[in-house]
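Heads up, the next two complexes both have chain A, just with different partners, chain B and then chain C.
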Partner chain A sequence: MSSREVTILVPFMVIAVCWAMARWETRRFHDASEKSFFERNGRALGLTFIALVGFWVVVLVALPYLYMVVESFHPTLRPTDRGGSNDTLTFAQYKSFAKEPTGNGYNTTHMTALAFSLLASVTVTVINLCICYPLAYYMAQVGTPARIRLITLGLVAPYWVNEILRMFSLRLLLATGGLINSLLIAAGIIESPIDFIGMNVGLYVGLSYAYLLVMIFPLYNALESLDKNQIEAARDLGAPWWRIHKDVVIPYAKPGFASGCTMVFMFSAGALAAPQFLGGPHTLWFTSVIYNFFFQAFNWPRGSAYAFILLAVCIALVMLMLRLFKVSLGETTK
Partner chain B sequence: MKSKTFLSAMFGFYIFLFFAYLFAPIIVMAITAFNTPNYPQAYPFEGFTLEWFTKLYNDRAMMEGLQNSFVIGFCVVALTVPIGLAASIVMTQIYRRARGLYYLVTISPLLTPGVIIGISTVIFWKDMLSVNDITKATFYHGMVLATLGQASFISAYCMLIFMARLARFDRAQEEAALDLGASHPQVFWHILLPFMKPALLAAIVIAFLASFENYNTTTFAILADSTLVTVLAGQVRQGTTPALSALGVIIISLSLVGATTYEVLKRREQRQVGQAQQLAKTAERSEVAM
Partner chain C sequence: MSAGVELDHITVRFGDFTAVRDATLDIKGGEFFSFLGPSGCGKTTILRTVSGFLEPSEGAVRIGGQDMAGIGPNKRPTALIFQNLALFPLMSVAENITYGLKVRGVSKAARQKKADDLLEMVALKGQGNKQISELSGGQKQRVAIARALAVQPQVLLLDEPLSALDLKLRQHMRNELRQIQHMVGITFIYITHDQGEALTMSDRVAVMTDGVIHQVADGRTLYDEPATSFVASFVGENNPFPGTVTKAEGEFAVVETGFGPLRGRNPQGLKPGARAVLFVRPESARLGPGENGAAFQSTVRSVAFEGNMSHVFLEGAGKKEVIVTVSRNTSAHAIPGEGTRATVSYHPRYGLVLPEEKLARE
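Take a look at the complex of A and B:
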């Protein structure tokens, strides 16, 4: 049995273990008032539910992920050699991330690409947090319902246009022949156009713009439930406005901060459109590296390994941050 | 007091900047759609034209992509809404020790980068469908893979929408119907589904839109086929033409029309509910008076 076939069995084994545990438990501590799944839903519906959920969870989610991970432990082969005697498990793809297989030196290109993607994503997260917090606070605590409705509409409206066109429209603003440059030149402020795209300003603006809502709505949700009396009390006791935010509002809304930041960070690190259309010509984004392995080098195992590295590093970083700011994962998903 | 007016002026300025940031690109794009130069240019405005709209209409690749996007969108809705509903019901009933794992697995596609979902979909299904020539010829197409890849994370959106609504469902209704002799499918069709109707509508709209404008997953899973978004991406990469701005203008207008009708319908509904409540109140009062 090949490693790929074994992988396919894994989700089924997990399900079998859970099912056996459930069976054992009901037999051991039988509670007559509790109905079984089929008693509650009826046979036909129960089976339909199980079939639908099973198809999704096992076939659409778990199996492809596991399969991709297994693929990353295989060598790069021609399609005809797949599954042959050379197709053994190997760490070669992961080693290639640290050391170029063809050369002797370290694979600095790809390591820099990953480091840059992560750093830029963190920067974008911080930028979005700073520009979204005042508005989220206003919506949650200060504004009247009518005005909040208007603001929400204003926030959502630009996102009806799809992602690619949004990036395109930002390029119209930021390109060397774009609006900002032509206005600045016409006003006589600068003589030759500024290369915003080459300086990666476009990249940061594009990422920040793309994930504004992902930051603002979790913040708003968290801030909304804060009792106004707490703020009043702090004010009555003579706290200046910045102390109120630092000591009352921000500690309260920490789970919202955590979920907003987690999502913006994960989405930015996995973004493809913004770096492709707004990144500078010398900027290598890690997802673009993966993209190239699939579409230019046709090296799927190496692309899979890189994808897995990206996912693992991102999750590790998010966990570290949550630990650092003392937020539990359960709180963020609320 | 003076610092307070200063603060609120600062805040007003911030709000202005925020929305300028949000809307500037869209407005600029709208202007370029009507300007004559070949390169999308907002300033200087050289002359009004509708040429880019006709050019857009005659763009074969774009129209084909649009058609594919619709087909994939409908398939994704047909797949994800039932899955999401079933998954949310299972969430409330699943064996409690497995619930944490189940939640983690169902929610994971939302946090996984779309690129990775696309890649894993292609790698997995390529091998699965290569078992014989017939399955490969019938199913190994970009349209099928894109639908499956998108469904894997859009189902999670739907599930979350249904879970929010299901949390407010009173199980006593279900018990009562069963005690009165209704069968399980009857309870499902006549009690649960009507209760879930608002969530169903929301899920359908969100699933379709999420599918329609997905790029990260689709660009991998679509293989040799195309959707509107992948065609657009190709064109933006090659260079820029005002026809793209024209498309943006069309999308914005359609959304505006949609949003306005939604708002009007909602207001009317609210007014009707309000009137009904008013009527009930006066009726009650007159009854008490009698």
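Take a look at the complex of A and C:
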């Protein structure tokens, strides 16, 4: 039995173990006055619930990822050799991220791509935070209901436009012969066009814009429940506006910050379209590398290994940040 | 240390709505002054105008003789205690208390000292490191007071701070507030809709409704000599008998009411023909015959026994029942049974005739 087939059995084995443990617990600690799951819901409905949740967890979540994990521990082979005697488990794909399989040098291209992707994602997160905090604060604490509805509509409506259109219109705007450069030249501010795309301005603008809502709504959510009297109390006690934000508003909204920042960071580190359309010609985004392994090189094992490297590094970074800012993981889901 | 507060023809408007209309007041330094009125009467608006969260549409606020126009709440010599206290939940008790000092750049050692002093004063010694969520309602109350006093305000503003507490604690905190005021000696401006609070604690009370100050006086005067029908009906229990003045003779006037002509004092010198309300307090009325023009007949509807006294509810001329309070000394068997006819009488000196206007809602 090959490792790929074993994979499929894993979730079922886990379920079997859990079920056995549940049976054992029922037999030892069962409180007869408490109704069982099937007694409460009936057999038909109970089975339907279990089937639906089971389908979702096993088929849609567990199996695909498990399959990819196993794939990432396989060597790169021609389709005809798959499942053959050479198809053994190996760390080669993970190693290839550090050292090129051909040649002896370090794999600087891919490591740089990952570092740049992470750094750029952090930058995008910071940009979004700077834009969204004042806006969310205004919406949550200052604006009238009519004004807030207008702002919300203004924020959401542009997302009705499809991503491709949004990306390319941004590209047109920022291109060397684009609107902004033409205007700047016409106004006599610059003589030769600025290469915004090459400087990755488009990349940052596009990514920031794409995940603006992901930042603003958690922030708004957190800020909205802040009692206005808290702000007024701080002000009454003599605090200038920036201290009120530093001491009262931001600590209160910290879970919202954590949630928004985590999502924007994760989304932009894993973004594919914006970096491909708006990144400069010399910019290599890590997801593009992964994409190329899957669809250009048909090297699924290496692609999935890289994808898991990205996932692991992102999670580690987020956990580190949460630890640094003393936010528990549970709080971010509030 | 303590500064007086002057309201000079203050009007506050929100769009078309006038929350406070032409209020003029002179609160003396060191005074315990209350604003009393039903909710929505504009008392909180006045408080916010004094604290600086609102600018008056017209008129001026002066604290210690200094015009406060354009001075924000963080720059005024006032401190506000909020109705919900608004303690900072993420700071400890001591951090809450010394927050005002921290933003003023006071050193950590000095803040610690101040926190200890204040905690001792509000009977929370040694509890500075507790979290706000660990405190009881009364303790939170004390922390809020300490936090406001920490910045050494000249005027302390209190926005119904006792309303969240239960009755027992509320009565206890009344005394405590009064003691604290004696101790620190600064001006207290207190907002409440609870007349018991206002009358027991305050040196003077301003009674307000619909944005207008009706009367400013000490508690006894408000009760015995209300200036308007609203004050008469709002402060304490009162029986109103609306009607028309038919005769004005010296100190007294006769009002033609639903129970016929009734006499009472006429401090404002109302002329015959004026619409007026005659007020008789339940404890000033008695059951039994009285002099002509100060007695009427009605039917007893119900009797509420309260130990040291009983309230007898009789059919009124209008919707409102007439209440007569009979004290225990008058011997219980003198109280007529439900459904019987009874004569209600009073000494005309305890009848009060005031111009008709909107009465306090029951």
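To be clear about the criterion, the second predicted complex is superposed on the first by the 332 of 334 C-alpha atoms of A that agree within 3 Å, B and C clash if a C-alpha of one lies under 4 Å from a C-alpha of the other, contacts with A are read in each partner's own complex, and residues count from 1 in each chain.
Convention: a contact is a pair of C-beta atoms (placed from the backbone, for glycine too) under 8 Å apart; a residue touches a chain by one contact, two chains touch by 3 or more.
It should be emphasised that the depicted structure is a prediction, and the values quoted were computed from it without experimental measurement.
After alignment on the shared chain A, the placement of chain B and chain C results in a side-by-side fit free of clashes. Residue contacts after overlaying the shared chain place A:169 against chain B, while chain C stays out of touching range.
When the two complexes are overlaid on their common chain A, residue A:125 makes contact with neither chain B nor chain C. Here chain B and chain C are compared by how many residues of chain A each touches, and B touches more.
Using the contact criterion defined above for the overlaid structures, shared-chain residue A:227 touches chain C, although it does not reach chain B. Of the two partner chains placed by the overlay, only chain B lies in contact with A:48; chain C stays clear of it. By the touch criterion stated above, A:96 is placed in contact with neither chain B nor chain C.
Once the two complexes are laid over each other on the shared chain, residue contacts for A:209 go to chain B alone; chain C is not touched. When both complexes are overlaid on chain A, the residue A:252 reaches chain C alone and has no touch with chain B.
Aligning both complexes on chain A leaves chain B and chain C separated at their closest CA atoms by 5 Å. Remark: chain B residues 7, 11, 14-15, 18-19, 21-26, 28-29, 32, 39-44, 82-83, 86-87, 89-90, 93, 95, 97-98, 101-102, 105-109, 111-117, 119-125, 127, 148, 151-152, 155, 183-185, 188, 212-213, 215-216, 219-220, 229, 232-233, 236-237, 240, 244-245, 247-248, 251-252, 255-256, 259 touch chain A in the complex. Only residues 51-53, 72-75, 78-80, 82-84, 86-90, 99-100, 103-104, 147-148, 151 of chain C touch chain A when the two sit together in their complex. Here chain A touches chain C in the complex through residues 227, 229-230, 232-240, 243, 247-248, 251-252, going by the rule given at the top. Those residues of chain A that touch chain B in the complex are listed here as 4, 14, 18-19, 21-22, 25, 37, 40-45, 48-50, 52-53, 55-57, 60-65, 67-68, 71, 131, 134-135, 138, 153-155, 157-158, 160-173, 177, 179, 182-183, 186, 209, 212, 241, 262-263, 266-267, 269-273, 276-277, 287, 290-291, 294, 300, 303-304, 307, 310-311, 314, 333.
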